[in-house]
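Both of the next two complexes hold chain A, though its partner changes from chain B to chain C.
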Partner chain A sequence: MSSIDLLPPLLIAAPILAATLPIALGLWFDRTGWSVAAATTSGLFVGAVALANEVYTGENVIHRLGGYPREYGIELVADEFSMLIVLLVTAVATGVLAYTRRGGPRGNTFYTAYLLLVAGLLGISLTGDVFNLFVFLEISSIATYALVASGDGPEAAVAALKYLILGTVAASMYLIGVAFVFMATGTLNMVELAAAIPEANATLIRAGIGFMIVGFAVKVAQWPLHTWQPSAYHRAPDGVTPLIAALVSTASAYAFGRIIVTVFGVDYLAAVPNLAPIVLTIGCVSVLAGTVLAVIQTDVKRMLAYSSVSQFGLVIAAYGVVVAGESETALVGAVVHLVGHGLLKAGLFLGAALVATSYGARTVDEYAGLAKRRPFVAGSMAVLLFALVGVPPGVGFVGKWYIALGAVESQLWPVAAVIFLSTMLTLAYAARLLEKMYFTPSAPADASRPGPAATDGGTADTDAAAAIRGAGAADPVSIGMIAVVVVAAVAAVALGFAGGTIADLLEPFVTEVFN
Partner chain B sequence: MVADIRPLAAVLVSAVAIVLIVASHRRPNLREGWSVLAALAKFGIVVSMLPAVMDGTVFRWSLADSTGIEFLAGLDFALRADPLGIFFALLASFLWIFTSFYAAGYMRGLDEHSQTRFFASFAASLSAAVGIAFAANLVTIFVFYELLSLVTYPLVAHNEDSEARIAGRKYLTYTFFGGGVFLLAGTVMIYWLTSLVGEPTLAFEAGGMEALAAAAQAEPVYAQAAFFLLIAGFGVKAALMPLHSWLADAMVAPTPVSGLLHAVAVVKSGAFGIARVILEVYGPGLIYDLPLDVPGIGEVGLNIPVAIVAAFTLTAASIIAMRKDHLKRRLAYSTTAQLSYIVLGLSLLHPYTVVGALFHIPAHAFAKLTLFFCAGAIHVETHTDYISEMAGIGKRMPLTMAAFTIGAAGMAGLPPIAGFVSKFYMLIGSADVGGSYWLFAGALLLSAVLNVGYFWPVVYTAFFESEDDHDAKPLLEFPAGGLGQSYATEDDVAADGGRPTDGEADQADAAAGDGDTAESDRVAAADDGDYEYAVDEHPSDADVPGGEQVSAVDHHGDHDDHLTGGPPADIWQRRSPFTESTWLMLAPIAVIATGAVVLGVGPDYAVFLELATRIVEEVFGMPFEELGTVPFDELMTEVNE
Partner chain C sequence: MIELLTSHYLYVLMFALLGLGIYMVIASENLVKKLIGVNLFQTAIFLFFVAMAYIDVDGASAPIVPHEGTPGEVMVASPLPQVIVLTAIVVGIALTAVGLALIIRIYSEYGTLREDTLREVRADE
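Presenting the complex of A and B:
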């Protein structure tokens, strides 16, 4: 037991310590970053699986840092909710490395930021302390600013600056909210807060809630506070976007959910006037606005970024349903959709990055004829897109099912209508890309780079083509890069059958939340 | 209930075939071999369950029972071979056998591109269709319904030109609106409604779900809303107006797709879904007992709006069909009308009309598949798509046009073709109820007349008119009684696009009369590239808003010679039934047409009628012979208990 007990702090400390290694070793060796990151993230994934095994079969793992009691110490909590996010973070962080090995970016400092980001995200997932949450939000944000800024050209710097300003404002908003709550209750521990809040001064608490909601709305990129997100996703290096898109907003959305269900409690929030309608409106408007903006984009990465706005809108709307209808189903839906969307976006951005690396194709129009050149990548992206639309049995459908069911059970008809219609809205931009990939012959000009065109999926042709090019010109696309996209697609379908299993895993947590 | 893997095997056999088809993409013969083999295996598996199902056994496979995985909390992913399921699966898998031969002939005849994708998607469609047939609950049927939309999309957009892409977009939009929005919403609502009165469930029960009947007493308005959501969801694929217009556009797909999928598997999955909803989700009793309060009229049964929509669709679609000059589009509107027969029969709730409706599923399938196969054979052999260019084509394709005549007679419900039996049951059923149902009987009779109205001209022009002397078509566009001239052959018939059979041209010179001038006219026209088509003169055919490029020219994807059609420069050759086309296409046409006749002559011996009566017996809970003796109102209240 004691060794399991050490896992939560280790999951956070290990990547932070490992983050120094690429720089330190960089004094002697050129390319150590990737190996360090790969070893660390694989270790983290194994640790996360071991911890998850304990949490889902035994009981929650709680670690008190330094052994101080929770009143003034910091707790790390691994429960059913946080472990799903931890698993997602470690799995995606490991998977994306399969891309960056050849796809880049390569420098040692890149991997330092990479590992810091992972540490911050794991910290967000595991912490049981609202101030500590702020610290980890900042760690992950600062690492993200650095990663975004490492993209090519001045646009990346502008995007990073935009993100820096908005992200800092958001974190400050959250911190102000924490301050109000601390003023009212005198504690920062989530469990202690949950007990203290109902008796505390309602005005201070409500002010705190207000600041927190705005802070998270920025972090999760809800319309109209989303503006940092498309440029950040778009301008970040291709190998970074999958990681950011899959995890950064997801972790913030997880933190928001954690604040709602664990800190304030559904009962308390339901009694706060106008709170549920506000959250529901933020979510629903983001679903609609995000999709409309996604449909009109020409750049694939930007389109997928706006799609994230709308998909996170679904999650926020689900939180609204949780509060408004005290719906257990919607909570399960929000969690499933968080994890599912993270996986789908990781796969899609990896696919987009792969296409950009091999053909320089970045706009929807340039994807014409992709299916013939890269059948595996195009097929995987098609699967991921349809899973995103909510076609069963994809993971997107499972989340949507629970959220929609929660909305119907709570008889929130307008919300239910938005959720059902979101299928069509998502289809509008997904189908655009699919049609280009499969049913639009490519323009002849695209065929200017015959080398990579022949290589896909590691058939015999690959070897032949590679041999012809000779050792000097390395293939920009490795088998690992393709494999990771395919794995994401397979996982998206496999998780589509896991709807019942995930609900079972979450059951103890949900029961506890709703007593 | 017997646990059995066969329902799953029947679904998966063509999914396995997809892998094999893709893997053998370099060897067409092997690839088509896998198609045929999968079709035979699928049919074999379905048939192996048939005798036991006829004796009342229900085979069931469920994900939770066999692997312990729960699909969604409280919901199982389950397949069930019950009489209704086996009814549809048997039909789809049987017709797939012949369609796979035909498709091979068709695709090779036109030298189509992307044949591997075509055959793989085709196999996937059949998987999804059988999945729909065997789905044991609403969420399972939803899964396969969505997958069916997905895998038929590549078939619709097959041509990869702008017309096909637009049709594909429209197809995705309509079908996902039906599935992802309406059907999902209805399913979620049913789940919620049943959770109000106990353990939530979505499993089908013959005669209606009991939990739903109880919940409907508590929440009648939501129960009604869910009913219409489900009907609308399945109604999209069943092409109920106003959700029908994807179907005509989907005719840009290769003809085997139009035949098996857009006349049998896909559209019938919509009709089949409506049958599940009416017979096994709500049940006739509950539908009858859950009156809608219409202002000004009073209370009407929940089924009446559906029946009205169906009756309207079958009349309106028939009238639209009369105006279509493009043969496949005419067939598409005919399909729209015929599907509404099925929906109408189901929504009238009387046992006889339900039997008629169910029997109409295979009756229409056989006849319509024949018609599509004929249209495809004509296209492959002569590149003719427009009826106005088909004068005298009976000489060139005698067997095809004879089969076409049989199919057309089946559509019109003339004995001894299968369509007559189903229509007869529907008529006596609605007459038995009487009252306002006479109106629906009237619609059925009127539609038979309209059917003759739009199919007879095709047969007439093929056999009884000649290339240089025939009526203008479509008849409805011209003065009543027809116009004794043909705009088609006057001067703007498309020039022959270089069919390799031109060698026989000399023998025709004499017959062609002033062929020289006509010939030179054509050549001039070809040089200008300035063709006038029936649809250009009559834009009503191009019913896609702003879509002039749509339906103006060729619909089938022979990219190189898409301005062909009509008789060759001289006249149709006279060919014997054995040499008019490849056996790959002729044999399926002959077999399916024969099937339509067999179903009509001996419905008692063909298994479908027996299955239909068994389904109805289970729904109403009494032997079929007794059903006719019980008054309608009593039947409805009794079945409710």
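Presenting the complex of A and C:
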């Protein structure tokens, strides 16, 4: 029992300590980064599975750092909600790392930032303290800025700086919210706050909620505060985008949900005037704006980035339904969609990275005829896109189904209409890509674009690294890289079938929230 | 009103600094000044935490806790707000360092620190 109790702090401390190793060992050896990162992330995944096993079969694991009591110490809490995110983070981190072995980027500093990011994300998932949450948000953000800036060309630095300024202001907004709540209650622990908030000064608490909502709206990339996100996803190195797209905003959205259901409590928030309509509006407007913007994009990575804006809009709208209608179904939907979307976007961005590495193809038009040349990648991307649209049995369907069901149960018809409409619009941009991959012949694209064998004469958007690899090796894409994408597609379908199981696993947490 | 200003001037100052910081981020075309604006914004929050540990506002319960040895007799200030500010300062410094590193890279690539010029240069490429 005591060894299980040590797992939560270990999950956070191990990657931070391991993050120093690639740089330290880099003084003597050139290429140790990947091995260190691989050993660490695999270990983290095993640890997460062991912890999840304890949480789902036994009881929640709570670790008090330094043994201080809850009133002024920091707690790490592994419960049914946080464990799903921990499992997603460790699984996606391991999968993306497997891809970067051949696909790049390389270099010891890259793996240091990678491990720091994973540590920050696990910290966000496990912490039970609102100020500690801010610190971990910033740790993961700083690592993300560094990773985005490591992309080729100066545009990556511009995108990273934009992200840094907006992200810092957003995290500061959250900190102001924490300050107001702390002022009113005198505690930072989430469980203590839940008990203290109903008796506290309502004006201070409401001011705090307002600042927190704005902060998270930026971090989760909700329209119109999403402007950092498409350029950051677009300019980040191909091997990094899957990780940040799948996990960074997901962890922020998880934190927002945690603040709503655990800290403030659904009952309290439902009594705050105008709160539920505001959250619902943010979510629904983001769903529509995100999909419309995604439809008009020509670059595949940008299209998927705007698609993230709309998918996170769904999650935020689901939180709104949870508050407005006290809907258990919508909460389950939000969690399932968070995990499902993370997995789908990781797979889709990995597929996009793979195509960019092999053909330098980055726009929707350049995907013409992909199904003939890379049947497995095209097939996996098709499965992932259909799951994103919400075609059963993909995991996207399960999340949307629960959210829509919650909205209907709570008789929030506009939200249900928005979810239906978003599915149609998602189909619009997914179908565009599918049509190019399967039904447009590749001949014209071939004529204008030389294959990997001739990349030395390649165009501007064939990045330098791909050109070097293309000249040196026969095929820049290994079987392993393709396998990772296929595994993501299979997992998306398998999770779709397991949607009911996830709901069952969440059951104790949901009951506790709505007691 | 005057009384509120004299007793709560730190909160007034805090919101003035917040506004000033966010205004610099939005209005200044210079990237370094934008980063200074972000710093000012964060500093205002540090002031907020320190101020709430110092001013006893109308029954606010944040900073004052009973002394462990002699509960009920002695009240001591909670060190928590100061510790929070220390941590937040460290986070802020790390962010400033990363931000300045990015600005140096942008300057060496484009030769400008002004956002409007940067936009023109990037549009040309």
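Quick note on the criterion: the second predicted complex is superposed on the first by the 485 of 515 C-alpha atoms of A that agree within 3 Å, B and C clash if a C-alpha of one lies under 4 Å from a C-alpha of the other, contacts with A are read in each partner's own complex, and residues count from 1 in each chain.
In this text, contacts are C-beta pairs under 8 Å (C-beta built on N, C-alpha and C of every residue); 3 or more make two chains touch, one makes a residue touch a chain.
Just so it is clear, the structure is predicted and the values come from calculations on it, not from any experiment.
In the superposition on chain A, A:403 makes contact with neither chain B nor chain C. Of the two partner chains, chain C is the only one that A:186 touches; chain B does not reach it.
When the shared chain is aligned, chain B comes close enough to touch A:416, but chain C does not. Looking at the shared chain after the overlay, A:142 reaches chain C, while chain B stays out of its contact range. In the superposed pair of complexes, A:431 makes contact with chain B only, with no contact to chain C.
According to the touch criterion, chain A has no shared surface contacted by chain B in one complex and chain C in the other.
Against chain A, the residues of chain C that register as touching in their complex are 18, 22, 25, 31, 34-35, 38, 41-42, 45, 48-49, 52, 57, 60-63, 65, 78, 80-81, 84, 87-88, 91, 94-95, 98-99, 101-103, 105-106, 109-110, 118, 122. Within the complex formed with chain A, the chain B residues making contact are 63-64, 69-75, 77, 142-143, 146-147, 150, 154, 157, 160, 164-165, 168-169, 172-173, 176-177, 180-181, 184-185, 188-189, 191-192, 195. Partner chain C is touched in their complex by these residues of chain A: 72, 131, 134-135, 138, 142, 145-146, 149, 154-155, 157-158, 160-161, 164-165, 168-169, 172, 175-176, 179, 182-186, 188, 201. Residues of chain A that touch chain B in their complex: 329, 332, 386, 389-393, 398, 401-402, 404-405, 408-409, 416, 420-421, 423-424, 427, 431, 435, 438-441, 497-501, 503-504.
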